[in-house]
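In what follows, chain A forms one complex with chain B and a second complex with chain C.
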Partner chain A sequence: MASDGTTHGGTPAQQLSLINLLGAVLPIGLLAWAFAMNPPAALRSYLWAFCVVAAVPCGSLALLALQHLTGGAWGVTMRRPLEAAVRTLPLVALLFVPLALGAHILYPWANGSYTAPYPKSLYLNVPAFQLRAGVYFAVWIVLGTVLNYWSTRQDRENPPDFDRRFRLIAGPTLGLYGLTITFASIDWVMSLEPMWFSSIFGVLFGVGQILSAFVFAILMVLLFSDRPPLRGVIRAGHLRDYGSLLLAFVMIWMYLSISQFILIWSANLKEEAPYYVERSHGIWPIMAGLVVLAQFFTPFLVLLTRDGKRNARSLGWVAGMVLAARAAELYWFIAPARPVDHHTLLWSDLVALPALAGPWFLFFTWQLSRRPLLPLHVDPTPAEDHHG
Partner chain B sequence: MTEPQATTGQQVLAPGHSMASITDKVSAIVLTRPVGKRWLFGFTLGFILTCVLFTTIANLLVTGVGIWGLNAPVGWGFDIINFVWWIGIGHAGTLISAILLLLRQNWRTSINRFAEAMTLFAVSCAGLYPLLHMGRPWFFYWLMPIPNTMELWPQWRSPLIWDVFAVSTYASVSALFWYVGLIPDLATLRDRTTSRLGRMVYGVLAMGWRNSAKHWHQYETAYNLLAGLCTPLVVSVHTVVSFDFAVGVVPGWHATVFPPYFVAGAIFAGFAMVLILCIPIRAVYGLQDFITMKHLENMGKILLATCLMVSYGYAMEIFTAFYTANTYEEYLMHNRLHGPYATSYYALWFCNLIVPQVLWFKWARTNVWVLFIVSLAVSVGMWLERFVIIVLSLSRDFMPSMWGQYRGTPWDWSMYVGTIGLFITLLFLFLRFLPVISIFEMRTLLPEAKVGDHGEHS
Partner chain C sequence: MTPREIPIYGIVAEFASPADLLEAARATKQAGYTRTDAYSPLPIEGLAGAVGGGHSKLPVLVFLGGLIGGASGYLLQYYTAVHSYPFNIGGRPLHSWPAFIPVTFECTILGAALTAIFGMLALNGLPMPYHPLFHVGRFARASRDKFFLCIEARDPIFDAARTRAFLETLSPTAVEEVPS
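And then the complex of A and B:
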């Protein structure tokens, strides 16, 4: 059955990229103008858009390693979208350059509005921030390249016992991802409020990225599921596995979020509580409620049922909703900390996301179209369907 | 396409077995095997230690909690350390039986029965501690929201009261899950035993199981529902335990990473205990065909994965102290590294972080001795972890004028050793009177069960 995988998924992917190209040019121009008008505000919008976009490739790296470790049909069918997303990491690194250069404008610990006390200042300073970002991207790109390269080799030569090789690097990849994303989340997002600290934040941020990547990959598989080579391969069994995993991920996310909230709320310390106090005014509580509704309650109730999981339409809707909620959640993390006007959306936010997501998606579709949509020598049938 | 299934089946069950040989082999441990010297030795040892436990409890009830080493700054000592240690150990049982069942990991089949039993025994040991820590345990029902003339209510904002509900729910659902899983095997024992008493006891416990299709259908539904119920419980119990600490603002306790870090630690400790029990049991009872190297290796992998998660927790604790630049958090780290209990902290690192790293290698994961030693180290390390968290934080918190020292008294130790004895006793009784491996689930691993099962569908 793996032999139908030879057809390239090029045509549909190219159709997607044309629409994108048109939509991307205008927002980029507007974002450039926003930079000229109000650099701190524009940078803040840019940071948010960057975090939304970067969540998919970074999370894909973790998921790619996870599916090599656990095996299973869900991972095989999802492997190519994940690999394509991982191959966009160099572009993501490029997109980070404005943040690395603008850190001294954006972050309170660098722009003079907060002075870090002694040991902390060793961590929160611009050169260290840039250096660490370089390390994160280097680690991710190297690991992603190795995983991608081996996957190509497997397609080409089909060496025996290659799964074992994948597993050998997948474990360390997950570990390194966990470590790097923790510090990346502290650097990029948590340090916007330099007094605040939550030791679970790295895990919360990482699980969020994996969630983004997972729903994105589900959407990609569903999008191409009625075309070769995926047509006839994707069955109810796959959808059920996606649904079960998505259910697990949203539950983990909710568990981490609510734990952080309960602990900070009940301890009520002056270093920590302001984080939630800040987010209990204006639009923020409403937004939090919507995020919880879209990223937990709705997926939870839909995916708890057998039909909710196995139905491509409901699964697609849930995935889309979670992807949107992820953007809102990151906005809720980042925007209340802005030094500019607190409780309104900025117009630069509206252009920043399309300006970054457009080119990224274009690059992604190009990468996706370069390889067959299914690995050639790996069986994509769910385990229970094997008794044919 | 039955090939992949057959190979997986072989890995978790040695080849050459039939339905009858599995039933014979497992039920013989209970029914026909004579009481051996080794069993007698183990049971006697456990029983003596249980007597030590009862002596301690008697003294405790007569004299009071003053016989323990608790003092003014250190109000939680061995009692809470051991409570957390035991309850953590229990988690592996539920994880193996519920989560791995839902994930359709068929390698769980031969180890789930005694892992679940281990859960129940560990929770029994754990439950003793907070109960006796109350000082007047006969008032335990005050923990329940019972209407009373003094209008005294539990403090619902305290995680300690959540613990009462979390642990009792966990214990009752785990017991139910274990018992439901036992019913078909109890019926097998009822049918095969030659003694009249055995027929009566197993017959009553089997609740009239006749192997009818209807029975099996209801059984499957009940078992899967209970598995679904158990899954959140695994997470909730240790999360609430972590809240017991994290809600307090004591340095070293209030960390938002505590909930997942405690859950990972519980699974880490639990799998170590499963390995400690599993390795001798399979050797003594000749169960190498059922509990294969594949099982041990998989457990080794889980041990390594949870070791890394726990290490992440330690790393974040250190980083927090540095990043927050908070005097008290910084001092806590200093105290851990250079204070009077520094040895415990270094020993904890050695046992929990360094020793398990050997599991990166396949030769280590497939060597029973290495696995056994690593598991022992982890069990010690996880005890030390709770010691470090509880005693180090309490003995030196904010005001130097309120600092103190803590050490366990002989009664603390006798209570700890006594609960280990209780655990051993219960385990040996279980080995003697109930099938240690799920007979009917093992039969489903046979290749012929696969063909019969799915043949008509395709």
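And then the complex of A and C:
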């Protein structure tokens, strides 16, 4: 590279942006064509891509609040990627508009293939769906904006005792996230199969989002770890903390997934069991196996060892694998639930993800480049490195 | 009976504070001694790294313990449900793996936890009712208010006179020979 990168904090981010811009234009055109050709198919592909992309900013909001509550060097070094992802929430809200407008085509309870009985119909109708989505995004954007604004003020003025102030809003943020994401998961994904219900699904969806956000933030920190201001700051201690937390998150995810399955399998009720029955033939069991392999067994075994956690390469591979597996997992949730003309695999899936992820990532890198990659007045050293 | 030379176990130095002990342990490691041990009435952060050598074998043992625990838990259920007492439960197959998962999980934890506890005790040589350091009178204070560092005679570069002189340089409050 010609630039030495010492003064231009945004240089690496801008390099990423350019490649992204080129790659995003083509898929967007193809997705628009898909919308014109087959609206239900395009909408289902769009819903999947939206859930994959939205997982990172939504999960980042929860992680940002979490790291303010717990403290620790892992959170300080991750704070800026998380904040930048949270600042993309207005774009995510904008990306939701096609789903709000297309709900009457996409969802069985709105397109005539399923008629919700009386009390259920108060919840499952298009205006209520749109209103609730508006509330979710309003809550997330307000909380995200406050956390971001205070972080900027801390950089500028370094007011004393600011951590307490962060914690004051971080607690309610986590609670509100839990509440809103439960309803959002019911609205957006679970209601594709309006007869099915699982009380674990909201937590599973939310933990999945946090997992996506966490591996994404790990990848961003690793990507910029050899450039200032992260160069020399990121050490084995940080990577070990990331690895330990990732190990915990994949275990929580596996615990919730297998619990939902065992409960439904044991009860064997006619409202619940069809969810797994329709995912037990064709490519779905293979896909489930691959997701469990990539999102649990491999990370678990790699991160179990001390060296697996402290090695940037193995950690980076694991993080990338989990991020890909998350997309596959969401596909497994969504695609079998909403076949279009008896097809569950759609060609529009191939273009929907790059069409949404490309512009989102472009926006993210722009947001990331607007502030220093490390908070200015917070110590990013792992606790045990203070001794000797 | 002819008097013979009593072989010694090592040389022990007594320190007044945890900081002195930690510094002495680091200097000893720096000097190339590998067979050393520290004794303290309270846990000192960083001390294990300063005296211990290399990785512990315990994580591997715990992993194997977990595997054996999980495998035996699964096999136990398989044997009882499929061979020993086949019973139709809700029309499900006899070998219904989802039903076996909770117990398999618990047995994995049990195997790993028991291996961790007993493996730790075994690798530390515990319980240990006798130790040569008990011959040193002042060592009783290792459980009260003094901190000890012992360089053992089996250390490849151990030399009674030179090791003693080395320990004297680390500002101890006392240095004593430990009879075997």
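As a working rule, the second predicted complex is superposed on the first by the 374 of 388 C-alpha atoms of A that agree within 3 Å, B and C clash if a C-alpha of one lies under 4 Å from a C-alpha of the other, contacts with A are read in each partner's own complex, and residues count from 1 in each chain.
To be clear about the criterion, a contact is a pair of C-beta atoms (placed from the backbone, for glycine too) under 8 Å apart; a residue touches a chain by one contact, two chains touch by 3 or more.
Just so it is clear, the model here is predicted, and its values are computed rather than measured.
Ranked by how many residues of chain A each touches, chain B and chain C are led by B.
Of the two partner chains, chain B is the only one that A:K120 touches; chain C does not reach it.
Legend: residue contacts after superposition of the two complexes on their common chain; A:T305 is shown touching chain C, with no touch to chain B. When the two structures are aligned on the shared chain, A:G178 is found in touch with chain B, with no touch to chain C. Once chain A of one complex is fitted onto chain A of the other, the partner contacts of A:V203 are limited to chain B, with no touch recorded for chain C.
Of the two partner chains placed by superposition, only chain B is touched by A:I186; chain C is not. Touched by chain B in one complex and by chain C in the other are residues 262, 266, 384, 387-388 of chain A.
If you check the complex, the residues on chain B that touch chain A are 1-2, 4-5, 104, 157, 235, 239, 243, 246-249, 254-260, 308, 312, 316-317, 319-320, 322-326, 330, 360, 450, 454-455, 457-458. In the complex of the two chains, the chain A residues touching chain C come out as 258, 261-262, 265-266, 268, 304-306, 384, 387-388. By the touch criterion given at the top, residues 116-120, 123, 171, 175, 178-179, 182, 186, 197-203, 255-256, 259-260, 262-264, 266-267, 269, 271, 381, 383-384, 386-388 of chain A touch chain B in their complex.
Those residues of chain C that touch chain A in the shared complex are 45-46, 55, 59, 63, 90, 98-99, 101-102.
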